[in-house]
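Note that the chains take the letters A, B, C and D in the order they are written out, and that residue 1 is the start of every chain.
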């Protein structure tokens, strides 16, 4: 029996959602790990785009920042930031936008801007970056976020990136081009929007995790699908690939930098 | 025609004045740290800082009280977490209040592109369904005059001074950039004055064809500055010091420790060469 | 993912249909002549031809009756003079009337850029004081929502099919272009379907960094076609045949001579290889 | 005594107007010859931009088209056409726009679109190209055009590119950014706008040419400056440079092209 962390399970689960022919706009952190794991396992031809303008990049180690040199060196091409946002993202050339956030609500709306009031925040978060337009234009959005009642909230402090807004088709009525958040991958399982209300429902759990754990981690009354799927733990090859990736990454980031002087 | 005779200290004191709007651009790559440090050394004040991703260099400038306003689209320590000096300024007005003009990347890219094209506004499909427009009067909706469709407009950004770091320039002042660009070129073309630090001055650049060059007459001054982007990086010269970015989290978390670090490494050094040397003799963290 | 298995004849018959709007782009450089000739061979009709500089290839297509409409910004034989077939169509509706949608280069560049960005319109400072807006309802004025300044708007151009010629593609269908670009990249990103002929298919392109690549999933099909831009040129492969451009003036001046030339060299040849061979055996003029 | 053609004299006269520190947006044909002659003689550092996106180009032979490979190979860089028009021309980064045309009127307005009515033209000309926005944005416009009553006309058939419109400050009142046509170089001399009315006036004649020739060649009653300057003929070095440039050009354009097959 393999033992793994919830983070690893979550990353492997996210990677499994990706197809070999997907074009993904990748956020840094957990999404970046999941997308590269997919590329190193079952989806070798997946196209990864980072907002730094690196298109079709194939990094050997995970970047710390969205613009590490590794991303440029292994890319099909490097375009300017205005171009990656207009000719690629806004033009509808991206299948999957892969986002994280500080908060998510039941309709998949995301907050990465502030905790507390905008004008007088308790915590000033980094802010929007590419997220609002990724959420707007990508054909599908996948969200990756560890769950607890402060991250999965009844009400966002600030809506940085629109999911289904208030649900029931509001997103489509506003003329938003992309399909919205199709999957939320968290550290107990998977949420997907209801086809009618577009409220996120629990559709799959990590094998061995109970519904109660999920309900406790989510700050709103969590809807649960009639038949819950079980998500198997990482296979040995998946886990080996992920751990090797992290090891290469740590070794690379620890290498001292020689600065000319 | 770009001036090539200045030291960085000369160039900053000549072109960057109290109250100016300035953009130190470069997206993770080629961030002009040396220039930012020189602005701190010269205690230039009341700046309107413009930058998509403020990064450590703006954290330092804000923490040292150089800024009255910040226009930005993502204000974190990339891959690490918060910019604690930026947070302290926004959350507690320390060392002084900083006005915030907040965009998304797509919005700010459109604003820089409009600025580079000398259009008064940029157009995008953006911000839809978000709370940003409610807090930023610089995000408006306009109608397409042909289809009636509603799209988003943002005002052009035209900094008084844009400062870039680049790999190379030739002796005419043509500047060559390789690798990740962000909106650096747009920020340069949008500016009234462009100042560039470079790793290397060469007699002649290789034939460029479609490679990225900012021609000499767009640039006011080019200053050679080895390692001028450190702890960011210069593709082909040195890598990003990810360990430094991680160490910055604890250096910057505490006001006193931050001030002490800045005094030792920036205010206490005469130039970027000494800054780099000071990091060799004391551990960054 | 770009399809690589088609002949040019297959690709044209699959993607270019009667009545379509198509852009064969390339600014003087990399004009897709082979593709244009194949469209003539397949007698595709009622096309809306879009191209900044119609050039000889559109003169031929218009003269052979393929076009119902032309969107353009400069319709001459570069450095030589008139496009006589275009003139005959506009002045005498021969062989059929052609509707004209006329822009300036700057206006058409803005329209392609808007198309590539999936915006409904492009913005520029243009056309001021000229008679063009009086004859083109696609040129309008709009007000900046921040400053009230008046600027010009043009509707986005989104061709059904954009066809380019490029130097190289790899086996995934990533297309590499070197040299003068014009609005080729914008025309490609603006299109519903992109078709590319290339001088060469290679196993792998060299690392591109900031070089010009159109990634494979933007492209529907890549077709190898040696000399596919002749008499235009492919930088690094062959030069522009300026003598042919000069000779075209007299070939195209007379309807019968034009038709005879087209029958001999285009309709009378099965493909571009035969076309090129036919020019070797008879003097072009 | 040097003998030269009027075309040569005109080209040399045009070249002399250019300074070593000018940034010129160059039209094909006569303007291209004049700009390159300047570069090969007194203005070696002049920056030449062609609308094909070739910035700072230094061709060894004159291009036949605006986009010959020679222009790209010898350029500081090659940018896309949208970029050369927006970041360079529209942004006010061009000192001198150098244009030709089929017709010019007394206020320096230009026609390169049609002879006869637009909807039913007697002669369909190539059209606008870059000219309307060059005429709008460049700090100064120089026009080069051989004069006869069909080219220097009382009334344009079509205004493709605005000069001073109806004069007397109309251009500035419309908010046009650039300074308008400062010099018209023709095959008998030089015209410049009057500072008040902005009507083109004869200010200089080729040495030996009389005012009557100029009046006969211009289709409106030509105003003449109080003191007319004399334009000396090409010097030996100027003429030698121009003829060598044309010889190299003809030889290059006559070289057979090898097409791969």
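We adopt the following convention: a contact is a pair of C-beta atoms (placed from the backbone, for glycine too) under 8 Å apart; a residue touches a chain by one contact, two chains touch by 3 or more.
Note that the coordinates shown come from a computational prediction; the quantities given were computed from them, not determined experimentally.
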Winner on C-beta contact pairs when B-D is weighed against A-B = A-B
Cα centroid separation, subunit B vs subunit D, in Å, comes to 40
Between subunit A and subunit B, what is the separation of their C-alpha centroids in Å?
-> 27
Roughly how many whole angstrom separate the Cα centroids of subunit A and subunit D?
-> 56
Residues of subunit B that touch two or more other chains: which are they?
-> 117-119, 124-125, 179, 181, 185-186, 209-212
Where subunit A touches two or more other chains, by residue = 72, 78-79, 86, 90, 177
Check the chains against each other and report every pair that touches.
-> A-B, A-C, B-C, B-D, C-D
Interface with subunit D, subunit B side, in the complex: residues 1, 116-119, 172, 174, 185-186, 189, 205, 207-213, 215, 217-218
In their shared complex, subunit C is touched by residues of subunit B numbered 117-121, 123-125, 138, 140, 142, 144-147, 149, 151, 153, 155, 177-179, 181, 209-212
Subunit A to subunit B touching residues, read off their complex | 28-29, 51-54, 63-69, 71-72, 78-82, 85-86, 89-90, 109, 113, 118-119, 121-133, 136-137, 158-162, 165, 171, 174-177, 253-254, 256-261
Residues of subunit D touching subunit B in their complex?
-> 21, 23, 45, 47, 55-56, 72-73, 75-79, 86-87, 90-93, 177
Residue set of subunit C touching subunit D in the complex reads 27-29, 52-53, 72-76, 78-80, 82-83, 86-87, 90-91, 102-106, 109-110, 112-113, 124-132, 135, 150, 179-183, 185-186, 199, 226-227, 230-231, 233, 235, 237-246, 273, 276-277
